[in-house]
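Two complexes follow with chain A in common, the first pairing it with chain B and the second with chain C.
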Partner chain A sequence: MTTDNDNLRTRIQQAIQSQKRPTITVLSSLLAIQDSIGHIPEIAIEEVAVHSNTSINSVFGVASFYPNFRFTPPGEHSVEVCWGPTCHLKGATEILESVLEKLGLDSEGDTDDGKVSFRFNTCLGACSQAPVISVNHELYGNASPDIVPNLLVSLYEKENLHQ
Partner chain B sequence: MSDKVNLTIDGVEIQAEPGSMIIQAAMDNEMYIPYLCYYPGMKPYGACRMCVVKAEAPTPDGSYRALPGSPASCTTPISEGMRVETNTGDLVGLRKGIMELLISEHPHGCLNCHRVELCGPTDVCLRHVSVNDRCVTCPKNERCELKDTVRYMEMELTTPLTYNNRHLPLEVKDPYWDMDMNLCIVCSRCVRACDEVRGDQAITLKDRSGRSIIGTAAGTSLLESGCEFCGACIDVCPTGAIVERDYKWDKAVQKVATTCPHCPVGCQLDLDVNKRNKVVRSIPNRQAEANMGMACFKGKFGLDFVNNKNKLKKPMVRKNSELEEVTWPEALDFVASKLENHKNGDYALIASARGTNEDNFAAQKFARRVMKSNNVNVSSNSRPKLVDSLQDLIGDDCASNKIWELLDSQVILLVSANITEEQNVASVPIKQAVAKGAKLIVIDQRETELTRYATKWIRPLINSEPVLIGGILRSIVDQSLEDHDFATEKCEGYDEFRNSLWDFDLVKVSAQTGISQEEIREMAQIFANTEASSILYGLETISDTHIDDTVKSLVNLSLITGNLGKNSGGIYPLFSGANQQGSRDVGCVPNLLPGHRPTASPGIDLTEISEACSSGAIKALHLIGDELFHNTANRSGFLDKIKATDLLIVHQSFASEVTDIADVVLPSALFTEKTGTYTNMEGRIHRLRPALGPVGDEDEDWRILSQIAARLGSDDLSYSSSHDVLIEIINEVETYKTLEPDSLDSQGHIRKPILNSSYVFSPIEFTQREEPSVDDQYPMVFAPGRVLFDADRDAGIVTENDLNTITRREIIEMNEEDAKKAGISEGDVIKILGEEFELTGNAHLNGLHSGMVATTTLFGTLIESLNNSTEPDPMAKIEGLRLCKVRVEKV
Partner chain C sequence: MKYEEITSQATAEWADMTSGRIPLIRIGTAMCGHAAGAFRVVKALQKYLDSKGLEANIQEVGCLGLCYAEPLLDIKKSGKSRLFFNNVTPEEIEYIVDEYLINDGYPKEKVFGYIGEEGPVNGEDSLESMPGLKLQNRIALRNAGHISPHDINQYIANGGYAGLYKALTDLSPSEVIDEVKNSGLRGRGGAAFPTGVKWSFLVGSPGPTKYILCNCEEGDPGAYNDKGILESDPHTLLEGLAIAGYATGASNGIVFIRHGHDGPIDRTEKAIEQAYDLGLIGNNILGTDFNFDIEVALTGESYVAGEETALMEAVEGKRAMPRFRPPFPAAFGVWGKPSNINNVKSLSYAPEIISKGAEWFSSIGVNQSTGTAIVCLSGDVNRPGLYEVPMGLTLGEVVDDLGGGVIDNRQLKLLQTGGPLGGVLGPDSKDIHIDFDEMRSAGAIFGSGGIIVGSDKVCAVDLTRVLVAFCQYESCGKCFPCRLGMEHLLEIVERISDCASKPGDMDLMKSIGGTMEAGSLCGHGQLGFGPIRSAITHFEEDFRLHIEENRCPTGSCDRSKIVPKNTRPYATDHIAGE
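Our next item is the complex of A and B:
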């Protein structure tokens, strides 16, 4: 039981220590951990505090300030819908609604089965292809609500393939 | 003074300190600008925007340039010739708008209820305002800065009964206080007080923008977040968001400024007294130079014992083996008739560590003049050697510098003292100094709270501290880091002392202490290479035989680096007991008469008194005060021994194991019922003022003694008030000559130091360290520590019988070799057994010295056990963290 925890702690310590930058800050350490583990677990807050010689509370204050840090493990797949101005004009709202409906969510968040993490994105940088949807960081341009069911189903199928 | 800055605020020309902010300049000149997030003594923050002003500053061509917009006066520094407007129509409108935003998330039924002017104190409010909004449901009602500010601005609050309620649950998990974040206006004062002022960072501002709120990391309890329960956040909170839990709703009818009776810092506290004659709150005085608005868990939450109903109210005399209540004359007659037979030296008196200078002066005079005995002591004087040599070598026996000078020390050396617990407020300037860049060296086997802040934490072998300091001294000389001019011109005996150092070969020192030569050299460099280095020592883990040597070495260290008599340098002995210094000054110790005059035939020491009782050398024992066991590890043994006396007279406020065996019990007044003075560790004399009236026939100790003396035919103690006693103290004690009793305010009065014409170096000797006293049954030495926060341990809070307790996996540190011998490996569950306790935890083998085990119980656990205590005065029974002998078993 402690081994799982110790394992995670070791991974966190490695993430903190393997940063290649001249100044290591609370923020840079948090970013390194999120890059390596995908989220900021509670013991990561402790480790960053010990490493930066500050208190867990100060670290948590920083971590909770930025919406990009997440404290729970992300879903296995990420789905992002762009709602930047171009995508919005080209019909991102319908895509959003469709995705939310299919995933059974009200807003940004993780599905109950922990498979998918869904987020809004302010710009995916592909305005010429608007509206855009990103699945596991793969972009699908000129999207319409019709392709959403297939895309999401394919996620679950890929899952089966891996198994 | 000419170096002040001239400026104009609202047409009034004022002068202010350069570098101050506009709001501070206004405050210093008794002008008010509304503010909520600003707090004197903390860095400007500029969050609430209530203090906006219009300002213009002169340009070189003589015209005025307006500062853009409406700057916040708490973040705008003053400049010469500046013109500031604080109350123009625009500003008033702007402020009102800001305030409306602020209270749109704060219940404000207390402001806009139409009955707000009409309600009497006993009216029951039933329907005008919804329950959450009602003025009487706010613990800070009528003590609320937010409410006062709204009223000052004369706002027309037409807002209906709706506001954006955050619907956050009330947080009641923590000891001592409740947090209702629905009342928070996110001014962040508490976060800044905890971080900037106390250096703890136990709370933080979570989340961002509209959802920002005060809390701890991931919502853990304060017990786990590193809180030291000083209550600073409560004192700065402008609303009812963070409040004390005890007497939460009680209103003060009277405020009394007095001195805290718990430790030698002598914090100045304002006590709130309610209409039922109870002390309901204590708020540290922000102007007082001893504590600068700080308090600790003891001073903030540890004063409730004065309200305890089980106080002794009547004198009692043992008749036919039962204590019976009698009248004062009867009790005093009885005491006098018995004491008559003990004027031949078989009498001893132990005065109270919480006794005032007046009480303790009367006590020593009673013992010496009336009872003809030098056996007089004070219960906190358990280690007199801590200051005896200090007095011999530098003249005075108290801290050479003021507590808050530590703030500007560049290096602070702390030798074996758990200051956060014993003299808490003195740790605040240390932490602030460290935050400013000062270096802290902690020499201690135990992990204490300050080891977390330490630049260097040195754990020498037990009892090797004097040799270690000797090694540092030698290294200073070797590296030519000494202040030669100071050492030869201002001090005596330098050459002789220097010669004595040749014995301290670093190879030998290193072998003796277990500390490497490099570390010793580095410590010497750190300590000597500064403008101002100070030394604090408690020597709590050093056996009595080594205390004297250690003190001498430390004085030498301070002298050789020229740090005595220097600002922010100096040397601070750390003893316990609120009035230990005063007791020594007024001669309530066996070896000194009032005014530090040595006596020809010193009485017996506190450590010898129990033996003297059981051997029959002492036949009559007079005990004053409840905290007798302050430093007595073995209380049952002590009680058995003093039982052997023929006459045991106790002055106490509460019934205890001691009153159970006493022949006469005289009810003694508590510190809240007394007039008198305390002298703190820096020699500052503070006043005690009565906050509560007596509930029974209890009386002040000096008066009780004076009445007994009169019955014994002596007029030596014929005083009519404590003021008379103080006048006599001033006449007899040289260092108190400058004290003017009538002008004694919360700043106190620093007593005149006793100055030697020159300081004295004392040659030191390389002594083999004494092995710690262990035996076959208990072969190991246990070093308990107490810290605030330890991330390595899983903790949980269990709620049981409506009480929260914290559970945590204990980690017991051990030496690898010792563990191997006992068949223990990393992570095993082991048990340590001492004479009076046992502790179970997981073994952690981390290179501790052989023969030792160490653990860190958490400060939070201590707070928890105090919070749940049902004893009248649990504070008096906090065990110090001393080394003790144990054995280790594998479970």
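Our next item is the complex of A and C:
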């Protein structure tokens, strides 16, 4: 357990120290950790506080403010559905219904098997192709509920191929 | 390196590349192309060319504005114009390559049109004669879709950094500011404040460290023009930033982008690196004594981070919550240093204004709105896109001529403009011109340029509910009239949408809206009632039907209502779990 924790601490420190942008802040360090580990473990809050010479409270204040941070490990795959006004007009509701049903969720969160993390996205930036779904950060525009099963099934299939 | 050496090398490279000696294949991979599957097409193309042993130069480019035609691919062969293919799928690559590159034939089933002095390849139409391009006058987006954002030399070969060079060699900082003032350029982030005047605020502030911040937070759903510029032509922004730095005596530029938007982030950072390598930013720019550094800063997901003082908090790595003003940013900005915040679009006009002069810019547009409007047209319209058109076009022209009218021959019901805090306009708004002041007096704002078209199958109450849900979700929580007010407004709008309103709900909303306007620090709370107010003004009937007749005119409100209710879900889960 200690070695696991030490290992995690090392990865966190590496993430903080290998930032390339010239200005390092609490926020930039948290983003770097999330990019590298996928979430913000409790010891990451401590590490960022030490590195930025600030309190644990103020680091957690930043981490809890931005909804893109999560505090538990994410699923292996990420699925995001845009619910911005354009996507809403173009049928995001039906897509959300279909995604939630297929994943067995009733709102944002992780599937029971830990494979998929689902999030709402306020705007994926491709409104001209609305409605838009993002699967593992690849965008699928002009989406319809029909493509949802295939998109999600392909995640699981890829998984099987790896095994 | 001297400017002349840089340009002559870039021009030679460009001439060779576009000669078509080796077939030049350009494909749009901005956000719109990405969502349409452009990267899958690039992969298929690369693979097929390799399998056939064909030599071709594949260049990823930005958005030509015709998002509805993405993935948009074009091939330039020697002696021929660029031949465009629209809505290309990976499966169609074989047909296009076989027909056009291998058999030297004509893949007529996929041809979209041509662009080029060599004329039609086989009698097809010029893309530039289609309304989607003909009505455009591209200044900030002049290179988008034509050059690769990954290659600084392509930008330089097309007149890039000439504006900065002219500013540094021919003009004094105050002359640059005068030029921008005389051009009539107004900030494109929403407030439409004269850019030259804004820059002049920073001139008098004490140095040596002063910041020009460029705001590409762009959290507005329905707006993607800032990201479009960064993905299509990041150097035009960097050049504009450097010009602003020279004019105001600033030392540093910070481009502020939302984490997760990898296209704009990666392309901007690569562009910065290339500009440093050529000495176009950094120390002693182009051999002068002007020094200017540029970096990218990321924000987490927060709409309010687009507000200028909240943006400075986020740059400093804190919660994106607005500050009290005064002190104003020109006196006390990021890290307490004098700062000036500009939108991506505003800065991206600067290079051409300096190159071509204030008079040229102010001759485009109408009244006090000079230059162009970069419209993000989306929603129930046949040809959604990213159109840069002269100010003064009517909304009707935008929807019908550029957008090709409402989908499925339906009637236009509403236009949502200026982002979620903007407003909705009714079908009678077609004669309104895109003019900052005219739109404001019509009860909407042009804002950052998003225009969402709604057909007659859209219910105004349903759309308002989503806009209010967005504003509630994004309230930063600092001012309680906004934090609690948005929640209360959402509760009431949801009640109306469910046909379960209570007597007095309409008056209650107005009263809450008034409190928010009076008691909030930033535009989020001050304008937070805007979407409801304009919806009530233009679509009173929709509200009446829900309230008095207990029915939704289009059935939209009968669907399930799935919105993220909890603003900070993971944070509260975490606390609850402890």
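Note that the second predicted complex is superposed on the first by the 160 of 163 C-alpha atoms of A that agree within 3 Å, B and C clash if a C-alpha of one lies under 4 Å from a C-alpha of the other, contacts with A are read in each partner's own complex, and residues count from 1 in each chain.
The rule is simple: a contact is a pair of C-beta atoms (placed from the backbone, for glycine too) under 8 Å apart; a residue touches a chain by one contact, two chains touch by 3 or more.
Given the structure is predicted, the values throughout are model-derived calculations rather than measurements.
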Touching partner for A:50 - first (chain B), second (chain C), both, neither: first
First, second, both or neither for A:68, with chain B first and chain C second: second
Touched partner set for A:130, first chain B, second chain C, both or neither: second
Superposed model, chain A: greater residue contact from chain B or chain C: C
Chain B versus chain C as contact partner of A:86, first or second or both or neither: second
Touching partner for A:18 - first (chain B), second (chain C), both, neither: neither
First (chain B), second (chain C), both or neither touched by A:28: second
Contact residues of chain A, present in both the chain B and the chain C interface: 58, 61, 64-67, 71
Footprint of chain C on chain A - complex, ascending: 21-23, 25-31, 52, 58, 61-72, 82-90, 93-94, 96-97, 100, 107-109, 120, 122-130, 132, 137-142
Footprint of chain A on chain B - complex, ascending: 195, 200-208, 216-218, 220, 225-226, 789, 791-792
Residues of chain C that touch chain A when the two form their complex: 31-32, 34-37, 39, 67-68, 70, 218-224, 227, 254, 259-262, 293, 295-303, 314-320, 376-380, 384-386, 416, 420, 450, 452, 454, 458, 462-463, 466-467, 470, 473-474, 476, 559-565, 567-571, 573-574
Residues on chain A engaged by chain B in the complex (per definition of touch): 42-43, 45-47, 49-50, 54-61, 64-67, 71
